[in-house]
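There are two complexes below, and they share chain A, which is joined by chain B in the first and by chain C in the second.
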Partner chain A sequence: MRNGRAFWLFVGPFAIGLLVFVYVPIVWSLLLSFFDARNTVTPTSFVGLRNYADMLTDKPFLSSLGTFSVFAAFIVPLTFVLALALALLVNQISFMQAFFRSVFFLPTACSYVVASLVWKLSIFNGVRFGLANTVLAWFGAEPIAWTVSTSPPWYWLVLVTLRLWLQLGFYMILFIAGLQRIPHHLYEAAWIDGASRGWQTLRHITLPQLQTTSVAVVLLLLVAAYQAFDEFYNVLGTDRGYPPFARPPLIYLYYTALGSGGQDFGHGSAGAVILTLLIAGVTLLQGRVITR
Partner chain B sequence: MLAACGSNTGRGGNGQALRQWYHAYGEPGVQQAVERYAKSYPKTPVDVQWNPGDYDSKLATSLLSDGGPDVFESTLQISSVRSGQVVPLDDVFGDARSDFSEPILATHTVDGKVYGVPQAVDMQMLFYRKSMFAQAGVQPPSTVDELIDAARRLTRDGVKGLFAGNDGGGGVLAGPALWSAGLDYVRDHQVGFDDPVAAQAIGKLRELYTSDSLLLGAVKDWAEPDAFTQGLVAMQWTGLWAVPAVQKALGDDFGVLPFPKLTSAGSPSVPVGAFGAMVNAKSKRIDEAKEFVRWLWIERTDYQEDFNLGYGFHIPPRKSISAKASKLTSGAAADAVKFVRDNAKASNPPDWTSVMRTAFNDAVSRVVRDGARADEELRGAAAKVRDELKRLYG
Partner chain C sequence: MKAVRYLALSVAAVVFLIPFYLVLRNGLASEQEITAPSWTFWPRSIRWENFALLFSDPAVPLVRSMVNSLVVAVLQTVGQLLLCGLAGYGLARIPYRYANVVLYLVVATLMIPAAVTFVPTFVVVSSLGWVSDLRGLVIPGLFSGFTTFLFRQYFLGFPRELEEAARIDGLGHWGTYWRIVVPNSRGFFAALGVIAFVTSWNQFLWPLVIAQDQDAWTVQVALSTFLTAQSINVSQLFLAAAVSIAPLVVVFVGMQRFLVRGVTETGIKG
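So, the complex of A and B:
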């Protein structure tokens, strides 16, 4: 009895918070997706699957799913390889390890919004005295309008470097944790058997032992890429709305559901459900493929 | 609770006060001014809430609930009318109705009914640097082609010809480009740009973008005059609100122009918009709220003048007030008043919904920045706008 009370005392507040702020909104938005819900969250006009049909034939929404794929194709492998490389390096060094670990981890603590503004306004602004353009000027190159130009699409450079800087440290820490759990005797045994210290041990001991970590990292990276919003919104969004390129699904849904000039919760919710199913599907598939 | 969020009117949050919302104006003194107005209202206590941050989203969310304000300022959207969020205010105007500028009143009218009492008019226009024009031997442009030519000739010595936003002009100049050819977003419930000339008009923005004479990626966007006052450009598209800052930095060395015309069917234009005072349909005290709006924005002309000209730089929506305002009788401000009288176009008409805007802006962006075919893109956008109009008007 006492135990039960203590359980609810500790778990209760979180359970209630979870219920009120997570589960109720999810169920609510599922309901909204079947209604014509413009400027209301208590709609009365049931439309069945029409919102879903609209979203699945909506070109901008489909192209935003394409945008995600492009972004994920860049950012997932890049972060994975670089985070692993950093983890291997930091784990190897015998001096100032804590220092380097902290230095690489520190950007994780930075807000996406703040970092976006630094990238947009000081490093990659388009005027001749921006940081990147100053460096270009040393080599006699013309200033580039980084976040404006679409051919070539320089904005990808801005967005990918920004996210790399922000998330690399976090995944490095995950890999370091994984590396430290590999028993040292495995390496010793390999060396006795004549394995070389570099590639062979990495290929046959380190990487296989990191499999669980790798699965988790890829999963987290994919979900994070799907959910891209903050840096895109802050780097490319203007007071006139968001340009049609590099528009992640969440940004498109945000403008659909909450944009000024009419809130359309029906279509917005339908899009959100489609996106959720897609993330769940890809995650399950990916988990199955890698762990097989 | 109310006292904690809003201001203390001295009467306390006793539940009897009308709740009035404003967004956070940037100019110092406005908040104190509107609180002073509210406090001097003799009939009911009024709690003013000042809302910094994303006002539009906050307001939209609160209007869905029962916890919203009784009176608030906003621009009018047809969706709020159709979902019954605001009440008509035609009876509030009385004789004063004809004193309001017609194009401004139109931005608060849906299906023949007025839902907002315009508080202050904002407008956009083209600023140009007289000394740079004289040096380059360029005349102020009066057609779109002259504008493109001027931008090209003024681009030299690290100075760009024109700054019209970091998106390359497709955002703020798309409307003026349509008007320059005698077209519009929406006209009489029909698509206003379903015309071969539209492709030509938007094509001009592409020409401008590729002429290498636009400043792109400036630190502050078009709404701030910094690129212009720092001498990075010879021309900038910004708004009336920037006049004091530009005057301070450049003295008399600047002039203002409307966006020029493209064809003889078109005309010069300045986009205008106005926040209006509106009454929440969910309010339990609609009549009191309407009476307060009438008192503040119709009867008290002294407050309307103070609100428009005491702090920032706006044009009073009532002709009788703007005509006698001494601050608006000379220089760029006088020109702006004239442009609003002769060339005003609604920057954001109530029935230009976010679906239409997204479709149109996407099309323009693809034409201007990616070089997509203007006729195809605009035809696609027109189809989307037509569907949406059909949904609205049947």
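So, the complex of A and C:
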């Protein structure tokens, strides 16, 4: 009994908050997803699975899942390889190591909004005085309308480089931490066996030893890409500009549930439930792989 | 080989610093210099008056939104460390019949990123009447299952001898936590605190959803509104961006050790 009181003294405040702000919303939204809930959160007309059927046959929603896949197909491998390369380079030097690590990590201080501002209005603004077009002009190339160009879809280059700049440092730090946990005697043993210092030790010692870190990084990247919102919203603009451009799932949910066309919580909730199930699947897989 | 390494790192470093350079250049230049057909590397005369214009412009509520962001970030950092620290300790160290049930409920939320449930959370928060309200901005973000879980894992590894010594001195759980455990865990609290502050300062989706009145905007919402608006003063916008990054650069320079530790803790165990 004494323990019970002490336990709730410590855990109680958090547990109440978790209940009210995490579990109640989830249950409420599960309920809303079975109702016609336009502009109301206390709906009365039960529609069964119709919201789900609507969402799963809704072209824009399905294409938003496709968008996520395209985005992930570029951003996940690129971030992985470049972050690992930076970590290996930084980890191998001694002079100015802290300086380089700080420089690559510094973008983490920027929000996606600030990065979108720089990318949209300064680097890739599509006019002659933009940085990217200035550089192109040095090579005699014509300016490109980066963020409004759909064929070829140059806006993908804008979105992918933006996210790369923002997140590379974070994952580089994770890889450096992983590299520093590798026991040094493994390398010494390999050198005695005649392994070269470059590719062979990387392939047979470094990469296998980094397995846990690598799996964590890939899954963190996947979940992060899935939740992409900020840069798509800020670089590509409002819902009016959307149809020709790709939009990720959260952007679509945002406009369905809270957009200017009225608040549709039924469809919005059904979409949220579908996304949650998909992400929970990925995370369960993560737990399975890491604890194995 | 060594030279190649340093060359590669230097080139990468320059590329990484370009966006920071652009923020400063555009923020301190005149509109004509930014839009000039040939690239000006640095404004010929730095327009310090841009600062005065920025802070006095009634259309850009920069001061108000910076204050909002600061209040939200500080409250969320302190609140998370307080609530999640206590809960993590209780789950790690106080034996109780239903402790496992609570732990499962916490761990289950790790599979659901908060961003994905913004619609349901908005439904609850709006029915509490917290739209465009400080409470709506701060409170839903306090109850991080992830932070609680990290605290629990950390406290599981806390040296028991220290706690037992405190017990012999007559301290209960509460006294042991505040007088022995917290003072000996400053580094861990600092690491998670810095991460919480940076995340809170930079978050965008939730403030965008909940801060609908201009008075409640955080600095990210304010910047975004002017970025997506039709007519904007480019150099003012960049200067505002520079001002919005400044507090975090201070955090980065002053607390990098904790920040790196925080990233490692939150990244790998996630």
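As a convention for this text, the second predicted complex is superposed on the first by the 257 of 292 C-alpha atoms of A that agree within 3 Å, B and C clash if a C-alpha of one lies under 4 Å from a C-alpha of the other, contacts with A are read in each partner's own complex, and residues count from 1 in each chain.
Note that a residue touches a chain if its C-beta (ideal position, glycine included) is under 8 Å from a C-beta of that chain, and two chains touch if they have at least 3 such contacts.
Keep in mind it's a predicted model, so treat the numbers as computed, not measured.
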Exercise for the section: Using the touch definition from the top, say if A:147 reaches chain B (first), chain C (second), both or neither. Expected result: first
Problem - Greater residue coverage of chain A in the superposed arrangement, chain B or chain C - result: C
Practice task
Using the touch definition from the top, say if A:38 reaches chain B (first), chain C (second), both or neither.
Solution key: first
Practice task
Based on the superposed arrangement, let me know which partner A:108 touches: chain B (first), chain C (second), both, or neither?
Solution key: second
Practice task
With the two complexes superposed on chain A, say which partner A:189 touches: chain B (first), chain C (second), both, or neither.
Solution key: neither
Practice task
Go through the superposed model and pick first if A:220 touches only chain B, second if only chain C, both, or neither.
Solution key: second
Practice task
Applying the touch criterion given at the start, work out whether A:117 contacts chain B, chain C, both or neither, answering first, second, both or neither.
Solution key: second
Handout entry: chain B versus chain C as contact partner of A:128, first or second or both or neither
Key = both
Practice task
Report for A:56: first if it touches chain B alone, second if chain C alone, otherwise both or neither.
Solution key: neither
Exercise for the section: Classify the contacts of A:81 with the two partner chains as first (chain B alone), second (chain C alone), both, or neither. Expected result: neither
Problem - Interface residues of chain A shared between complexes with chain B and chain C - result: 41, 121, 127-128, 238, 258
Problem - Sites on chain B touched by chain A in the complex - result: 56-57, 60, 63-64, 77-80, 82-83, 85, 158, 165-168, 171-172, 215-219, 221, 223, 227, 232, 348, 352-355, 357-358, 361-362, 365-366, 369-371
Practice task
Can you check the complex and tell me which residues of chain C touch chain A?
Solution key: 2, 5-6, 8-9, 12-13, 16-20, 22-23, 26, 34-37, 39, 83-84, 86-87, 89-91, 94-97, 99, 102, 105-106, 109-113, 115-127, 139-140, 142-143, 145, 148, 172-174, 177, 198, 201-205, 208-209, 220, 223-224, 227-228, 234, 237-238, 241, 244-245, 248-249, 251-252, 256, 259-260, 263-264, 267-268, 270
Problem - Partner chain C, residues of chain A touching it in the complex - result: 3-4, 6-7, 9-11, 13-15, 17-18, 20-26, 28-29, 32, 41, 86, 89-90, 92-93, 100, 102-123, 127-129, 131, 134, 165, 169-171, 173-174, 177-178, 212-213, 216-217, 220, 223, 227, 229-230, 233-234, 237-238, 250, 253-254, 257-258, 265, 268-269, 271-272, 275-276, 279-280, 283-284
Fill in the blank from the handout: Within their complex, chain A touches chain B through residues 38-41, 60, 121, 124-128, 130, 145-151, 238-241, 243-245, 255-256, 258-264
